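Okay, so chain A shows up in both of these, paired with chain B first and chain C after.
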Partner chain A sequence: MAEYAWPKMSERSLIGKRISRLDGAQKAGGRAKYGSDQNPQRLLYAAILTSPHARAKLTSIDLSAAKSSPGVTAVIAVEEVGKEVQWEGTILAAVAAETELQARDAVRKIRVEYQVLPHVVKDDDVAKAGNNAKPAGEQVQGDPDAAKSSAAFTSQGFYGLPVLTHCCLEPHGQTVQWSGNEITVWSSTQAVSNYAGDLGAQLEVPATSIKVHQDHIGGGFGSKFQSDQWGAFCARLSKESGGRPVKFFHDRNIELMIAGNRPSHYAKVTVGADASGKITLWESESWSSGGIGGGNIPPIPYVFTKIPNQRKNHNAISTNNGGQRAWRAPNHPQASYLTCCAMDDLAAKMGKDPLELFLTNCELTTREDAYRRQLNKAAKHIDWTSKWKGRGKSRQGYLAKGLGIGVNTWGGAGHESTATARIHPDGTVEIECGTQDLGTGTRTIMTQVAADTLGLPMEGIRLKIGDNAYPASGGSGGSTTVGGVSSSTRIAATDALNLLFEKVAPSLDNAAPGDLEAKNGRVYVKGNPSKGMSWAEACKKLGVAPIEVQGRNNPRNPRGLNTGGVAGVQMAEVTVDMETGVVVLDKIVAVQDIGLVVNPKTAESQVYGAMIMNVCGSLYEERVVDQITGRMLNADMEFYKLAGAPDIGEMICELEVDEENDSRGIIGLGEPPTVGGLAAIGNAVANAIGVRVPMVPLTPRRVLDALNGRNS
Partner chain B sequence: MQAFTYANPKTLKEALASLAGSWDEAAVLAGGTDLLSLMKQDVYAPKKVVNIKGLKELKGMERTGDGGFRIGAAVTIDELMKNRLLGEEFPALRAAAQGITSPQMRNMGTVGGDLCQRPRCWYYRNGFGLLATGTDGKSLVPSGENEFHAILGHGNKAFFVSASSFGPALVAYGAKLKIASASGVREVNAEDFFRVPASATEREVDLKPNEILTEIVLPVSRGSQSATYEVRQKEAFDWPLVTASVMVKLSGGNVSEARIALGHVAPTPWRSKEAEQAITGKAITEASVESAATAAVAAASPLSQNAYKVQLAKVALKRALLAAKG
Partner chain C sequence: MSSPKETGKHPGAEAGVSRRGFLEVTGVGGAVVGTVVLDQPAQAQGAGARALGPGAVPITLNVNGKALKATVEPRMTLLDTLRGPLDHTGAKRVCDRGTCGACTVMMDGKSVYACTILAIDAQGTKIETVEGLTADLKNDVLINAFVEHDAEQCGYCTPGFMVAAKALLKENPRPTFAEVEAGLSGNLCRCGTYVGLRKAVLEAAQKGRA
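Here is the complex of A and B:
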């Protein structure tokens, strides 16, 4: 049985090192090619017609004028007459033409008649949702009524988070060629290995006929797992256009309307505590919506799951809006906000420092020591003890400062992954894997793992990913990639190396293959580098045939290489202009539990990106829909606001890298740091201004309305 | 975007000859930061686009014979910001430019374009027309999403706000705008250039389809003090929520003359004679700016979601007056 365990921290040549992304210069220099950069010969362009109505029945669709429009090669009805459209932006028809302009001109000529039907697009008031609200049924634990009457303190509050969109920099889409029996897709997907099966099912063609290739992707955040209807109609347009390739990517407005969103969450929460501040009661009436399918039940109380007495009610509200998709740590950012804000308000009611309240209640979590340690570390980073003052007590002139706390948890164990390692007689090495680099550094960390395992420099590995011709590997979601691909790579490279040792050993005084090791570009008897040979010489012993081995990460038996389960704490410091309501984020701190870190630089980069998303979500981002017209009013990047560089403030990231955590194996880090920051910033604003602003984003309107007792 | 013909005239005369009697026929293209968005979103589809960015007659900034200052309409925001003399003598204008924090906008956008840009009202941009009309013929704004809309001067009809960053400062300075057509040049006060349209087919500026805004002329600034204060949520590019531009002359410590304009509160830059009267004759103090600010918003009639803008208008005006005092 081969030994795959990660080398000791002190014995790693590349794993654990701060190595810059291998594709960084390519991306920064504009040379990286995305799916939308692919311009195969005789390329056609697709455009779509979408519904301007949030709900309507299609009574007729006339494609004839579009079909005869100049340059048009194919027109497809995506929806049929009689269909009831359930959200604005529903794709009704698609056109392929020689130029983008001709495709759009043809779309304008499609005649559609609608019977407009009543719609519901708002989700912020459960009382107004009527039949659109579906109760999930009450959940009770312990004796909440008794807990309420015996509590020394109770605090009631309302908290809400509106729908956000993924707003990927690269919109959803693809370039597709369906020529003869073969389909080639240049995709923008989080799941290269799964794409062919998904598209094949839509088109009723075998997955084996579909080639998928992707070097880079401009963001997915959970919204790009499917081939989607645009993958299918784009392929059909290609087929109907005689097999010419067709390119289709969403315009920004449709991207924001229909290509995924993070569901809203709202809750009326009551928390109770005994005189010492130990929480004894949680009651919540929550509701959420992610479009027509309703919304998810938030995992509340979040992290502090051992609150003994709980009563929870939830309603899923269905609305006539584009549907939700997984958004980086689904439901966790919202649950953290609902829980940590309620706890912060309880602390305020008790006249207690919220840091103390959080510390007191760590015993209600499943990782008591971790949260206690992290709260203390984060407090030190943000200088909590000397800076924290009670609510509304730090105003100077028209500026007020505040501090706040949020917490997170996540899994992050590795997904199913296979990788091939191939050592050629000339000493070159290939690693092949049907994974994808979402921009997280997958390319870089896989190369580190392979090179470290084989005792080679980074340049000694040719890594091939982003193609479904390579061994299958899971979709990149839920922080599962780094654990999956690092483990499959480690296993494949280890097995390949052992085969090489078998070939080399006879030349080293018949040493046992198991006595050899590969380090610093040499293969030698363990502990005796002079008794050995260079990597190139060793590989010559292969003769003419390369070694090829496949490694697999089996999530049910990850052999100690990866695992899941992390804790994290974020704290924020803000300055609020009390007269204008403008909130400025001064500083945000993340202390994050993590397992073995393959590359601290790319890991920290995940945390920074996540914290920026927290700034956006807490201060700026919100889907604005109009109940009268049923339209999304800010499907653009002008009023769908995101933070720019000067809005982000100072960011501090402490990854808890130590022997103990390292021994747990690799744990994914994409999701957890996106959780907790919203609560930290929301609580910091409440601390600064003296009152709770119930809803994020914390716009000047909401801050001033809260200060003036207006209900926004 | 729909297909159009493109004219690239070499002189102002040629450009004027390329224009037509209706907005549907021809549009003027300068920086393109607004026009191209409107065309891409199918809000506007002119048959012809006439490029004026290269016209020499529209470029340059210089002192005028009487000690004022001329700015060509095609001067970019970046060029304006880098003009030292203009910055020293007209700080309210420079501060307004500094509020446009997008380098792309500064590099491409022009001063004339800032004045002529269409409103950012999201109903207008989503195809409901300048007056945001619903199927019942009434405005969608009062019972819709109106947090960024007008609190003054909307007449319960035109609820969009003027998007111009420079408008309020030009009104405060009493600037004049020169407008050329094939039949000659006319001059209008900056204050009169902006207007509230009576119908969705009218423009919100005093410009005919066959005219081109060619230059902005600022009067002598000597003896005056001025400032602009902008309330904006983001530091990175973002539209202002409210701005205030003020120009005051002080005599013996008291305000002898004041011109005050608010931005992003009304369909036009909103000159507040009430605030001017309230501050005139008084020293600029916390108390006097408070009463001027109160006067400025006395007539405000906020909508369901934008009461906060009344406070923002007051705060912006107070801070602008205090900044002008120095």
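Here is the complex of A and C:
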């Protein structure tokens, strides 16, 4: 049985090193080609007609004028007469034409009649949701009533987070050619290996007839796992246009309306503690919505799951908006905010330093030591002990300063992944895997793993990913990729190397193959580099046949190569202008435990990026829907606001890289650092201004309303 | 109205109304989109303007020093012309409304949003795309700094930031940290690469000095 364990930290040539991403120059220089950059010969463009109504019945649709519009090659009805549209932006018809402008002209000529129906888009008041609220049933643990009456302190609060959209910079879409019996897709997907099956099911075409290729994807964040209806109608348009390729990517407005969102979460929370600050009670009435299907139950109380007495009620509120999709760490950022804000308010009620309260209650988590250690580390990074003062007590003139805490947890074990390692007689090495690089550095870390395993430099590996012709690998979601692909690559490369050793050993005084090692571009008897040969010479022993081996990460038996379960703490420092209500983030700190880190450079980028997403979510970003018309008011990037370079303050990231964490194996990092920052910033603002601003984003209006005792 | 030569989106550009200023005046506040709106594309036609279109018309654009020909409708943007008929896909279409900066190119040495300019109006100007501005990919100081500081993730906004950074350092070769932040504030990133971007541009400026 081969040994696949990761080399010791001290014996790694490339794993664990700060290697720059391999496609960095291509991307920065605009040479990297995305699905939206493909311009195959005789390309056509598609445009779509969408519903302007949040809810309406389609009573007639007339495509004839569009069909005879200049340049048009095909027109497809996506919805039929009689269909009840359930949200604004619902796609009704699609057109392909020689130019995009011609396709848009044709769309304008489609005549549609609607019977407009009443809609519900308001999700922030469960009391007014009526039949649109679906209760999930009460969950009770311990004796919350007794706990409430015996608690030394109780604190009640309301907290809320609106719907966010993924706002991937490359919109959802694809370039497709359906010519004869073969479909070729240049995709923008988080799941290259699954795409053909998904599209094939829509089109009733076998997956084996669908080729999917993707070198790069311009953002997904959980919203790009499906081929989607646009994959299907784009393919049909291609077929109906005589097999010419068709490009379709959403316009920004429709992208923000229908291509995925993070559900809202709201909760009225009561927490109670004994005189020492140990939390004894959690009561919550929560509700959420991510569109017509309502919203999920948040995992609350978050991280502090062992609160002994709990009563929880949840309602899923159905609204006439585009549907939710997975968004980095689904429901966790919201749950962290609801929990950590409630704890912060409890500390304020007790007149206690929240850091002390969080530390006191670490025993209510499943990773007591980790959270205690991380709270102390983060506090040091942000200089908590000397800077923290009680609520509203750090005011100088019109400026107020504050500190806040948030926590996270996540799984992140590797997904199902297969990879092929091929060693050619000329010494070249190929690794093939049907995974995708979302910009997380997958290409780079797989090359590191393969090169380190084979004792070669990065340049010695030709990595081939992003194509469904390669061995299948899971979709990139839930922080599962790095564990999955690193493990399959390690196993494939190790097995290939052992086969090479078998070919080489006879030339080395008949050494046992197991006594050989490959390092620094040489194959030799362990501990004796002079008794061996160069990699190229070794590979010549293969004769004409390359070695080809497939490795697989089986999530049920990851052989110690990867695992799941992390803890993290974030702390923020803010300054608030008490006159204008403007919040400025001064500094944010993340401390994250994370197993074996294959590439600290790209890993830190993940953490910084996640923290910046939290700056967006806590200060700027929210979907605004008009109650009367049911339409999204900020379906653009002007008023759907993201943070810019000057908005992010100072950022500090500490990945807990040490022997103990390293020995756990690889754990994914995409999700956990997206969690905790919202609470940290929200709590810092409460600490600064002296009152809780219940809803994020903490806009000037909400801050001023909170200061003036108004609801907003 | 000023010509494109006088506008652009750097801090310090004199002409035009900044969006941020506009938002401040109107009390909207919030995330930075510190961009000077390009008032009017070229007004070379003047009083005797020819009527063009509505059909496609032949145009010639000077892109990265080459005269490139295309036939496009007068309403087609420079961005869509670059990305489609001219197959220069480094500039990306993200917001398509002059907000995010992913389509940034240089026009007569100033950075502009290619989605806000009509292709016909770009005739007679010197257009430089990210491909032309980073022609020597291996030895480009900014490219190397972006790679070294991992100033990119998915990479879709990155070419726009590259052009913005080139424009900033051209106008202000020795920017302070705050000037770097301001110089990049006309561009938006969703993955959150600003930490690396700030370091990369500062370092490139320092290396350029040496």
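What we mean here is this: the second predicted complex is superposed on the first by the 712 of 712 C-alpha atoms of A that agree within 3 Å, B and C clash if a C-alpha of one lies under 4 Å from a C-alpha of the other, contacts with A are read in each partner's own complex, and residues count from 1 in each chain.
Rule of thumb we're sticking to: a contact is a pair of C-beta atoms (placed from the backbone, for glycine too) under 8 Å apart; a residue touches a chain by one contact, two chains touch by 3 or more.
Source: prediction; values computed, not measured.
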| item | value |
| --- | --- |
| Which of chain B and chain C A:Leu438 touches, first, second, both or neither | second |
| Touched partner set for A:Pro646, first chain B, second chain C, both or neither | both |
| Touching partner for A:Glu638 - first (chain B), second (chain C), both, neither | both |
| Contacts of A:Ser20 with chain B and chain C, given as first, second, both or neither | second |
| First (chain B), second (chain C), both or neither touched by A:Leu169 | second |
| Contacts of A:Thr602 with chain B and chain C, given as first, second, both or neither | second |
| Between chain B and chain C, more extensive residue contact with chain A | C |
| Chain B versus chain C as contact partner of A:Lys33, first or second or both or neither | second |
| Which of chain B and chain C A:Pro700 touches, first, second, both or neither | both |
| Partner chain(s) touched by A:Leu101 [first = chain B, second = chain C, both, neither] | both |
| Chain C-contacting residues of chain A that also contact chain B | 101, 580, 582, 619-620, 636, 638-639, 641, 643-647, 699-700 |
| Complex interface listing, chain C residues touching chain A | 19, 28-34, 73, 75-76, 80, 83-84, 87-97, 99-100, 102, 129-131, 134, 137-138, 140, 142-144, 146-148, 150-159, 162, 178, 180-182, 184-185, 187-198 |
| Contact footprint of chain A on chain B as seen in their complex | 1-3, 41, 101, 120, 122-123, 125-128, 134, 140, 143-145, 147-148, 231-239, 241, 305-308, 311-312, 315 |
| Touching residues (chain side chain A, partner chain C) in the complex | 20-21, 23-34, 36-37, 39, 43, 99-101, 167-171, 216-221, 249, 251-252, 438-440, 580, 582, 601-602, 604-606, 608-613, 616, 619-621, 636-639, 641-648, 651, 699-700 |
| Contact footprint of chain B on chain A as seen in their complex | 52, 101, 104-105, 108, 253, 579-582, 584, 619-620, 624-629, 631, 633-634, 636, 638-639, 641, 643-647, 699-701, 704-705, 708, 710, 712 |
